[in-house]
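Please read through the structure below; I'll follow up with questions.
Letters A, B, C and D name the chains as they come in the text, with residue numbers starting at 1 for each one.
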Amino acid sequence: MAKSWTEAHQDDLEERYRAVRALTEALTAPLSDADATVQSMPDASPAKWHLAHVTWFLETFVLRDHVAGYRPFDPRYAFLFNSYYEAEGARHARQMRGMLTRPSLTEIRAYRAHVDAALTGALGMLQQPARALVTLGLQHEQQHQELLLTDLLHLLSLNPLEPALFGAPSAAPVDLPGPLHWIEGREGLVEIGEDGRGSFAFDCEGPRHKAVLRPHALAHRPVTNGEWIAFIEDGGYRTAAHWLSDGWGWVQGEGIEAPLYWKQSEQGWTRFGLDGRQPVNPAAPVTHISLYEADAYASWAEARLPTEAEWESAAQNVAAVSGNQLDGPACPRPKPAEDGSALTQMFGDVWEWTGSAYRPHPGFRAAPGAVGEYNGKFMSGQFVLKGGSCATPRGHARGSYRNFFYPHQRWQFTGLRLAKDL
Amino acid sequence: MAKSWTEAHQDDLEERYRAVRALTEALTAPLSDADATVQSMPDASPAKWHLAHVTWFLETFVLRDHVAGYRPFDPRYAFLFNSYYEAEGARHARQMRGMLTRPSLTEIRAYRAHVDAALTGALGMLQQPARALVTLGLQHEQQHQELLLTDLLHLLSLNPLEPALFGAPSAAPVDLPGPLHWIEGREGLVEIGEDGRGSFAFDCEGPRHKAVLRPHALAHRPVTNGEWIAFIEDGGYRTAAHWLSDGWGWVQGEGIEAPLYWKQSEQGWTRFGLDGRQPVNPAAPVTHISLYEADAYASWAEARLPTEAEWESAAQNVAAVSGNQLDGPACPRPKPAEDGSALTQMFGDVWEWTGSAYRPHPGFRAAPGAVGEYNGKFMSGQFVLKGGSCATPRGHARGSYRNFFYPHQRWQFTGLRLAKDL
Amino acid sequence: MAKSWTEAHQDDLEERYRAVRALTEALTAPLSDADATVQSMPDASPAKWHLAHVTWFLETFVLRDHVAGYRPFDPRYAFLFNSYYEAEGARHARQMRGMLTRPSLTEIRAYRAHVDAALTGALGMLQQPARALVTLGLQHEQQHQELLLTDLLHLLSLNPLEPALFGAPSAAPVDLPGPLHWIEGREGLVEIGEDGRGSFAFDCEGPRHKAVLRPHALAHRPVTNGEWIAFIEDGGYRTAAHWLSDGWGWVQGEGIEAPLYWKQSEQGWTRFGLDGRQPVNPAAPVTHISLYEADAYASWAEARLPTEAEWESAAQNVAAVSGNQLDGPACPRPKPAEDGSALTQMFGDVWEWTGSAYRPHPGFRAAPGAVGEYNGKFMSGQFVLKGGSCATPRGHARGSYRNFFYPHQRWQFTGLRLAKDL
Amino acid sequence: MAKSWTEAHQDDLEERYRAVRALTEALTAPLSDADATVQSMPDASPAKWHLAHVTWFLETFVLRDHVAGYRPFDPRYAFLFNSYYEAEGARHARQMRGMLTRPSLTEIRAYRAHVDAALTGALGMLQQPARALVTLGLQHEQQHQELLLTDLLHLLSLNPLEPALFGAPSAAPVDLPGPLHWIEGREGLVEIGEDGRGSFAFDCEGPRHKAVLRPHALAHRPVTNGEWIAFIEDGGYRTAAHWLSDGWGWVQGEGIEAPLYWKQSEQGWTRFGLDGRQPVNPAAPVTHISLYEADAYASWAEARLPTEAEWESAAQNVAAVSGNQLDGPACPRPKPAEDGSALTQMFGDVWEWTGSAYRPHPGFRAAPGAVGEYNGKFMSGQFVLKGGSCATPRGHARGSYRNFFYPHQRWQFTGLRLAKDL
């Protein structure tokens, strides 16, 4: 959660509140009650659950704790929609979230409206700590907007009818990007981590701290689908030498042969997306790959993954902390790679796997209380991803952001950028 | 399927068609799209799937095969809604049925209307083999009506809100039944199995054949909840000596301590039903028990389960092949046991586990073609249940009926009647 | 256990005791400590465990219960070597039997010698009930002699070196058997089950009871390897229509393509045995097949499996209740089929799967106490096999014998004989 | 493997060869064939396999590749005893290692003698690269000496008889250590990693590189059993707030309540060791704990785990790179903690979990060829442990050593030392 953060204008928070909440509604507008209810795997949650959980977060940590006289919409919802906050008591088992055909989508929307009315009504009277929790709640909701889309994508991918939620891309001639350039990074002592002067950061992004970098370079753009097809065709998925041992076990145990959602037909590779099944665009960054695949590709390409410090240090020089991100209810889709002699597509398009394990920054301490469970307790077994994706809501990306997933997970818009030692 | 069966009146079939199809609609009328979509376990299917599958059966084996020029509603439905007919080609994996948020419940209802229009329009012109398939399809739909209810019950039982689909019973004073009487059965050679003269029977109910019975008696009524509580309180679930070896492994592995849907509170035992959570009625037959539990109870009671031949032979003397069965969209609920010196509650209330494995009757041969897969291929590992339950549609019970489930399964309305050697 | 059985001569029992115990020693003589310790799967037990368990059985039910002043060899052995007698208290978990590197094989042999000395010393003074328990213990040990060999076979089959425990067969020209003949069986009422007049029978073999048979015939000999190869080559393992539904799931889930221990090479099919890897003999009965495979084969051959009553009734006419059985420490190996117009190879060679579920004979009651757990509690989910195999000790076969295994199990010497309705 | 390393004297290598190989023989001298054959879990290997595998390593990478005319002892052993070197071809499945009752322990000892004769005979003629591989092979064997002991401990712990391999400790009065002191560490830039000037290091220990340290301190000694009991008694294993999320799942899923091998009785806590079951010594360092437990303890103690850089930097000041390590065939047993104002027990006693994920040091590149698989491919999902244990052979510990295990594993002698920010 925010450690040091000051609000400029009260109006901004209300405006932001309305904007974030409205985007969630817009993203879920095309869903049926059934679409919003089913859980496709234990890692994913139903859309209805996302809608309710982010609302429970605001209801609990803001309304319950900071607004006198607030009456909860339904006292049973705390059990249903707490995700993992042990301090908040017993909760419904994660893998059973898809059993909740009741309450209905309509009831959940009424829940949202109830909380929105109470919260916007109270916003003007909230003190700074409570306002900081509102901001945290909105950042939290933005995270769930991305998960909501990737969870829906996973669900729809399991339907043999392969339904599309959004319109398909217009057919356009593909311009393959030129060769990959190497951009030299800083060497020696650098500073990374959140410095407490930005508008918001999660607790795990700080503290600001020093790191040492060796001579190295980053690729100017992410690896493309076209390059990935070359990896496949060179036997990349069948050559043990490229793979981490755990990755090789995963490839063999799961029968992995391509990125998630890819299929091969006589017409070539296709991928499934929220716009249905479409041809793979060879110019666009590869996505829906695991850390294991990213690491194997880098090994095959005689390169390596960047460390988090290398990536974040390089990102400090990128002018626009923005890119191809989510602006509204449309299909998230990575855009073709760009040529150029500077770093491109650092923010947006695809989350970039780093070679850094998700462990605390030096000096990190979790916040006290339930919100302190937000990040710190997940710091084992996962890897850091940087930069944001085409499904990350605009405004939610920053250089210090630390996304994290297990090395086999790939239902997010995950890709990679190569690095090498100089 | 029916082996020898003649239609009396064409009108009857049409009338029956409309009645059976209408009951399915009525049973599912209270469901939301989400209620109808979720699959609660691999053994159960979503209501939407039941609605579509029974329709696919009629569409495929009647309209496609016997009505020239019929155009299928959607050619992709054959893949989605074939259950297990290998001869009909590839199909959607059973445990993935709950992923089908599309087609929607509304679309499935349109599918039903489409097939109903085509089939009732063609019915007058169908030849006898096709008409026999319509009858088979209706019997098949009746089976799924019962499964639909028990699958919904299982789904709703996993919702911590414990929603009720139907109204609750009115509170009434409980009259505990008097002592159990033993009704002597036939001895020596008897004939059981379907004799081909009834209005309909599934293929596995025949052929008619001789069996030898030893001196024995059946209890005049099923075991009640009150008696079951005595078994629990006597440590029945903790005493290995009562149990089959596989059953003891199941009790210990799953931590079984009571029938499915039962909970113990300070006020005593309650059970969950389609009318929500209610007190256990000690006068009603116990239900939602596995074969393992039924066998352990019988062992504890120094009795045994009846064989299928004993049960069916006894049932031949019961005047009304009917009882507390399903008549419409209301909560299925076993009725209190009756006193008396004759067999009571043989049909309806609860399916009665027998001690007979579900194996072919002597001389059984499966029908050729896809419908021949209806019963024969399930003849390993399962036990026969007789009589029908409160969720069995009226008209669907008969003495030769062979229901079958694995010995650990108990989400049906399953109970037991004791037998003993004389 | 024996229900009605009288000992002719005291000397016979002692002689039998020495002979049975000596055969066990002879069978295990070629084993190293390691060979005797490892457990290859939960269904199998280490040889050392078999050696100790049968000894514990005699020590417990005879010496402890009937010989005053007997001191157990080691009081901790009751925990280690009780198999499944719940009435005898807590015991070592079955799947952990292979962890017992101590006590050593040498210590277990000392345990056997200790019990043998005590028991043969006491034998002359034992009363009839105790003597019946000695007989039961010897029959029990004979069962374990067969399991010991099949468990060793399974263990050695998992060793890439494929070691042979016994010498290989001499190469001999193969005489393929002539065509299969059908031998008509009895029709109408027959009597089967143990009649209490034989020298010994397990409790589950009785009581003697009537059964009704329809017109039918049995094949004069078991199905051969050569016939099985024809089944394989005709796509038998890839055609769903032949298979029970559970069987088809097993074939696909486990990737089954041939009997256990078979491999295909350019030179044709080979099988692994206690004599190492050898060519499949097309004239010998097929073995190491599951009930699922046997049933699928019968379906493919447009026949069926015999019922237990058909098989046992037919066996009553076979003169010699004996055949190719185990006589000493040599490789058990089914012998080539014989021509002829009468039933051949009914006893010995391979256990023959019947289509009958292993359920109690009418009127069966388990014996009281721990030995009552011997058979009755296993009466769910398994099928009956009849006749005995090449690994069944001579003298241990009889027509009423009921062997039983789960339908997927096939590490015993299991085969089949076809039946058909007339 | 060694990247830069020069041999001083040829004689030393031969001497070292004999010493290392002899220790392995001595450690396994008390084992029976069965003890040496059984595999107690997939993570562990049989002693016989360790004996053969380290020999295969020398035979393959030294004798086969560098000694002309060498004839392998048995060409089938490459399949049996390759551990994980994909470049060396197909190999026996890891979890099936316990099925190898043949070759016998005696044969494996003959294999060792054969390779020893060939290798010591050739040693004088080997060039430096081959001599480096001999050194690597000996370091490799030392690693397996420790695994051999911990794998045996695990195996014997599963035997209800709880056999002791070595003599028990003499009962002695326990002196509880005084309070824990905090030793301030270096701040700012430090250098860690192997600098290529030592006598040997594995490839993953380098390259030497800079790291930045914040103000911090390390505890002067590891956490003791007595302190751990206080953690247990304070509900440490039942308080979610102390635990990493994955750790809490592990504690609940596995029912963890104490370190591995601990049991509670009326007389207090005992632990199982290679000296049998003994009372827990409250003065000795806690051992057989997972990273999850170590992290939860640190959280409870309001401290944290040291990073690898903090630990290694501190260790550079410790005079004796040695401690309570393995010197011969005796029971490894952590010694009571020492008081003092300097770091104690840094080397030996227990491996100390760090909070650092096992990832490559900056600039790391794996060696080419099969030996390059030695370390690099395991760099995901595991954590670094430092310092060595009472089961680490003397001479095998050094500050740059990077041991690594998954966060749930605890069958090694693993413990922890607290750290804190200043």
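Heads up, the rule we're going with is that a contact is a pair of C-beta atoms (placed from the backbone, for glycine too) under 8 Å apart; a residue touches a chain by one contact, two chains touch by 3 or more.
Heads up on the chains, UniProt names are A, B, C, D = Ergothioneine biosynthesis protein EgtB.
Worth saying up front: this structure is predicted, and the values here are computed from it rather than measured.
S.K.: Most remote chain relative to chain D, going by C-alpha centroids?
M.R.: B
S.K.: Under the over-half criterion for shared residue numbers, do copies chain C and chain D use the same patch or different patches to meet?
M.R.: Over half shared, hence same.
S.K.: What's the distance between the Cα centroids of chain B and chain C, rounded to whole Å?
M.R.: So the centroids are 38 Å from each other.
S.K.: Which integer distance in Å separates the CA centroid of chain A from that of chain B?
M.R.: Averaging C-alpha atoms per chain gives centres 47 Å apart.
S.K.: So the centre of each chain is just the mean of its C-alpha atoms; given that, what is the distance between chain A and chain C in Å?
M.R.: 59
S.K.: Could you list which residues of chain C touch at least two other chains?
M.R.: There are none in chain C.
S.K.: Work through the pairs of chains, note which ones touch, and then classify the graph as line, ring, star, complete or other.
M.R.: ring
S.K.: Using the contact rule from the top, write out all pairs of chains that touch.
M.R.: Result for touching pairs of chains: A-B, A-D, B-C, C-D.
S.K.: Provide the residue numbers of chain D that touch chain A in the complex, in ascending order.
M.R.: Within the complex, chain D contacts chain A at residues 84, 86-87, 189, 209-214, 240-241, 243-248, 291-292, 295, 307, 355-357, 359-360, 362-363, 377-381, 383, 407, 421.
S.K.: Can you name the residues of chain A that touch chain B in the complex?
M.R.: Of all residues in chain A, those touching chain B are 32-38, 40, 48, 76, 79-80, 92, 96, 98-105, 155-156, 158-161, 163.
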